[in-house]
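Next come the structures, one after another.
Across the two complexes that follow, subunit A remains constant while its partner is subunit B and subsequently subunit C.
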Partner chain A sequence: MRGQPSLCDVLAPLNLDEALALRAAHPEARPLAGGTDLMVPFAAGRLPDRLFLNLWGLEELRGITVSDGEVTFGALTLFREIAAHPLFQREFPNLVRSAKATGALAIQSRGSLGGNIANGSPAADTPPSLLVYGAELELTSLRGSRWVPYADFHTGYKRSLLAPDELITRIRVPRPRAGGFHYFRKVGTRQAQAISKVSLAAWARTGNGHIQELRIALGSVAPMPIRARGAEKALLGRSGASLPLDAALEALQADISPIDDLRSSARFRRKVAGNLLADMLRGLALV
Partner chain B sequence: MSISKILLKLTVNGIARQIYVHPMARLLDVIREDFGLTGTKEGCGEGECGACSVILDGMLVNACLVPAVQAQGSTLRTVESLAGVDLSPLQEAFLHHGGAQCGFCTPGMLVAGTHLLETNAVQDEAGAREGLAGNLCRCTGYVKIVDALLATREGRP
Partner chain C sequence: MNDYAHIGRSVQRREGRAKLTGAALFTDDFKIEGLLHGATVRSRVPRGRITGIHFEEGFPWDEFVIVTARDIPGKNVVAHLIQDQPCLADGVINHPEEAIMLLAHPDPQRVQDARERVRVDVEPLPPVLSIDESLRCDPVIWGEDNIFKTIHITKGDPDGAEAQGHLRMDATYLTGAQEHVYIEPNAIIAEATAEGVLVRGSMQCPYYVHHALHEMFQLPLEKVRVAQVETGGGFGGKEDFPSMLACHAALLSWKAGGRPVKIAYDREEDMACTTKRHPSRTRIRSAFATDGTLLALDVELLLDGGAYTTLSPVVLSRAAIHASGPYRCPNLRVQARALATNTPPHGAFRGFGAPQSLFAIERHMDEAARRLGLDPAELRRKNLLRTGDVMATGQIMRDEVDLIALMDRALTEIRYAEKRDSYPTLNASDDPVKRGVGFSVFMHGGGFTGSAETMLNSVAALEGTEDGRVRVLAASTEMGQGANTVFTQVAAEALQAPVDLIMVVPPDTSLVPNSGPTVASRTTQVVGKLVLDAGLAMRKTLLDAGLLLDGDVAGAIRTYVARHGALRTESRYQKPDFMEWDDTTYRGDAYATYSWACYAVDLRVDLVTYETQVADFVAVQEVGRALNPTLAAGQIEGGVAQGIGWGLNEEVIWRGGSMANHQMSNYLIATAVDLPRIRVFFEERPFAYGPGGAKGLGELPMDGPAPAILNAVQHALQIAPRQVPMTPEVLMDLVEGA
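Presenting the complex of A and B:
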């Protein structure tokens, strides 16, 4: 069965206030950003929604603001804009790499950070990077705005803290201090344009030869993008010269809960997640 | 239930057009069926293959993933815009280097390649391959397509 545009209507607000009013009045309307995720199941007739709320073109959701302590992205910031930003190459290399790993150029020209988050796919490429950089999300409704840690946002497979009348409006990320260690690697069927089988991002700060701060996050190994808190705990405070690889790998296996699906198997994902952790730690040991 | 159509106004290959379409109609279908511009191809229909590549407001996009409502007021360029009286330099290079075999990916390759050249996004072979990573070809093995793109960039045959 194909998608049926003749049965579907689109609410087209001209500004954010209108969008929030329509969101409150029509909670059943599916918010639509760049469409790169939603148009695929829609065209295949696999999306049940019949009413959409078009967010594309809302200027309030665009733009990147850099201040001393943090960078704030409008929810409609495109992957292409992240990939092209010179500051991010230096300070948020994982975000740049994961934005460039999302589809190819044509997808990066429409896909947005907020859309990627709201879609809630455990296989999305940017969420692990956002998790390791300690991102926060601004959720806005007619009732007001609230900031929530991104680590708390996803509550299950395609479930989140977003209330039926809320939209993700901004994403804010603290600027990491210079000299940190950044790691991102995605494993898919091919280099470009493939959905991940496993992805792993990490950020660490070392001092006096020890790991002072460490965040590790993974995609495609749980119902949602996750922090590997057990593995982090096994490594935090340890000397870079004698990292407890076996303990970290064991803790990682308890952190993740991969499944068999059309893209990969649970067994392969467990093996590759461990390999990525080991690869990351080899790099970290050299810092 | 019947949903009313919207009046979609956009500039297509330099000509102002307007047409009534369903807001969730795919831009790909509007281009092919309403405007009759069948150079833009449907391959996978899910943003993987790039056969439906078009330039929308200066950005390379997959027309299969753009709902018509999001093309309101836009400027659209399809493969039909590339040749004037003569073929474009990139089209000539595809002929010279054998960049087209079965031809189904060729319109998307030409549009993506034109966009890469116009935005000066290709500096070398690796850049050409990265830039064309969203356009799949099952015939050529890509070598001749990359050759054609690099030759055009360097102004040689």
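Presenting the complex of A and C:
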């Protein structure tokens, strides 16, 4: 291991109030939840942080609450808990599938929804699903709490609305009406335990043979997880029998801005993002 | 039918319980008093001249042991076939991971920190980073022409025959580098003074390491001792590299007055700096008669050897000899060259050149079949070698193997004929998932090439102990492949003793004779035979002494040792009497025997994602006799998994001569989800010169999967992929047009 624990300090609050106070006092301290994203660059000696704020023990950040209209997740909700929840299999299948697509079982038992969001990787597996289900985030500091739409949260590569004294404390997702159409597909270099090269999630509701509601989101094709608003607009209100595929594909290409990196090429990501959209629409037309 | 008590039975892995429970100690597990941790400062540029080395001011350098080329007491060389690779760069840099300086400190983290505080000034020189640049000699970086080795094989009149062909083809095939990803990265512990050098660690070939230390220190042979520690996989990656690491650790210890020094690479350093499979480019020109008879092959084979010679000439040799595949071909030319580039040296990897050239010929045969309008199975039926045929080097095919029957068995298991017919109809639908079926036929020569086994002059010995047990003494290492268990079975068989009487001594050059390196699929076939013969000799010794009449082997040994003080028998390699080989003309018996196989796959290609998923895999092989069927099947399954990875996923991304994706998160080997069920079948035709009839099989399964998969992709998509790894990105360009 090239990371040097002896050069690091960890702040260990006992409750959320202490955590918020430490966060305000030490904005340079890197919040540490499950650690599944941070420990990889740490071990490789590539994590510059020397001070950490350990959130792992904070009970206030755990738990899933289901009410009539929505589900609220504590920020420390584990992927394993999402994957195992019977209600979510039915109502949020994309979230379940993306949680199951995140790393290995060990990672799913340690990695958290809040951490996945805060880390801000464009390749993270759950954000596209959260985007299509219209999630909102609760950001909390000593100054108080505020709810922001998740779609507005990421503002650029590893940049977000999170203020230096704030923590993500909860994630709220409205329960979609029954009978919707859900699509999630992750393309990695192998079938499991791979970082995504492209991912696409969609949720739609059809009525009278037309697309009444539609949200499409993608991972690994932009500096952050994004909604494909152009493609959504091209399709919304259209008849399932005559979907304007070419227009939607063209709009999608304007929505995304992929790059070449070690995992894939911009060319491949553009082509496969389009293929995934077409694949999703094939499924939608059959609904 | 099994007339043996132990051979052919799945005896439990000897060291399996210790490994399973964690009791087995690997190099990095040892707790050693006064241990120093070593680290390496590397060049970071592919080619240049060192103009200065600077130590950060204010850092407590006096706490560290520091070694540069000037501290080497003997020769600055890592000795292999030829001595062109320095142990530490001295003035000149030839690849970006080249070691320049070594550091050691009692605190492993301090030493990692320290190596970031050394700055090496380098005047860069233009590098050679590809086979083409190397061929153009632009610039010359090694010898006079960048060529480590050239091999020519000629048979018949390839030019004349090519002119007569009904179908003439010309196609070029590419294969990429591959990282071994053994589970345990390279690790060595050394203690070195003028009184003696002791090196312990993870390795395949203790006597290679012994030779390298002897040359570098210029110490007498008997003052150097090398002991293998439990080794977590090798696959060829611990064939030559441990010699370098042992020299490094020993130099640090030498400078530190003999204090023990450990260098244990982490995964990133191991992936970036150690050897990989040679990338290759093979151009095949061929001529076929109207009926599909193969008339001529003209093969130009190029291997990227990296910055130093290491084992490239030998890898090239095996690649060249296997280049015409398992086919009768009356007119043949193979021109093979290994070339220098400014990347870390490429080295041994399971298959050792054969996977590269067999990939090319097996893809070429399927392309030829398509052009001829023949089923690939029909084309092979016409051209497969038969007993008595003359092979590429003039070797008469002695193996009594029916390759057509072997192929048919694999095709039946995969239901080839039915799928070959039905898939094109299914694929005509608008379902983006296309199906294909394909196969490869191939062979792998067992043991060292040509006269090299004779030159190795290997010896193995058995020793009886006071308490009536038997110690097997050989330099062949257990690295997960099952050598311990197979030697135990063979020795027990020869002595007609229970397996629990047999102990395989961990290889240590102060204890065991040199039975040669643990490579080239030779451990069972060649060294196993030596162990068998030493066992038969021991049995004869006991019988001649009037012992063993009651069949009690332990009792007989106890009595013999009590009477005579010792009981030891040896066996030395003797080549099969038919074998003749001329290394200058490359004519003769290249290998005493070959293992033969046909691998068949059924797969799906998803045109949404361009991903290829193997759905069913059939591996049929003739390996003489499988001494331990469970271990043998495990070898085949593991090799197939590695072959599927090489064919589809495992891509080494080069940037400036370095592996850019030197992490397991970016260099992805197949997981269980990526692999099909691998169905393994053995044909057994005992080989007269192998123990219990066994032939080598460790490398064989690496040779066949990649071409079988790409042949099935040709069937699924009616395209001609010519490159591995065939990643989705590569396939997308083929399907959609680049």
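Descriptive notes on the structure:
Please note the rule applied: the second predicted complex is superposed on the first by the 286 of 287 C-alpha atoms of A that agree within 3 Å, B and C clash if a C-alpha of one lies under 4 Å from a C-alpha of the other, contacts with A are read in each partner's own complex, and residues count from 1 in each chain.
Note that in this section a contact is a pair of C-beta atoms (placed from the backbone, for glycine too) under 8 Å apart; a residue touches a chain by one contact, two chains touch by 3 or more.
Computed from a predicted structure; not experimentally measured.
By the document's definition of touching, both partners, subunit B and subunit C, reach A:Ser6.
By the document's definition of touching, of the two partners only subunit C reaches A:Asp279; subunit B does not. Once the two complexes are overlaid on the shared chain, A:Val148 sits clear of subunit B and of subunit C alike. By the touch criterion stated above, A:Ala192 is placed in contact with subunit B and with subunit C alike. Contacts of A:Thr36 after superposition: subunit B is touched, whereas subunit C is not reached. Contacts of A:Lys271 after superposition: subunit C is touched, whereas subunit B is not reached.
Of the two partner chains placed by the overlay, only subunit C lies in contact with A:Leu262; subunit B stays clear of it. When the two complexes are overlaid on their common chain A, residue A:Phe52 makes contact with subunit B while staying clear of subunit C. Shared-chain residue A:Ile107: touches subunit B; no touch with subunit C.
Once both structures are placed on chain A, subunit A residues 5-6, 40, 43-44, 191-193 are touched by subunit B and, in the other complex, by subunit C. Taken in their complex, subunit A has these residues touching subunit B: 3, 5-10, 12, 32, 34-36, 39-40, 42-44, 52, 54, 56-57, 80, 103-107, 109-110, 191-193. The touching residues of subunit B, counted against subunit A in their complex, run 1-4, 6, 22-26, 45-48, 50, 53, 59-62, 64-70, 72, 112, 115, 130-131, 133-136.
Of all residues in subunit C, those touching subunit A in their complex are 109, 112-113, 266, 268, 432, 607-611, 613, 649, 653, 660-661, 663, 665-666, 668, 670-674, 727-729, 732, 736.
Remark: subunit A residues 1-2, 4-6, 40, 43-45, 185, 187, 189-195, 262-265, 267-268, 271-272, 275-276, 278-279 touch subunit C in the complex.
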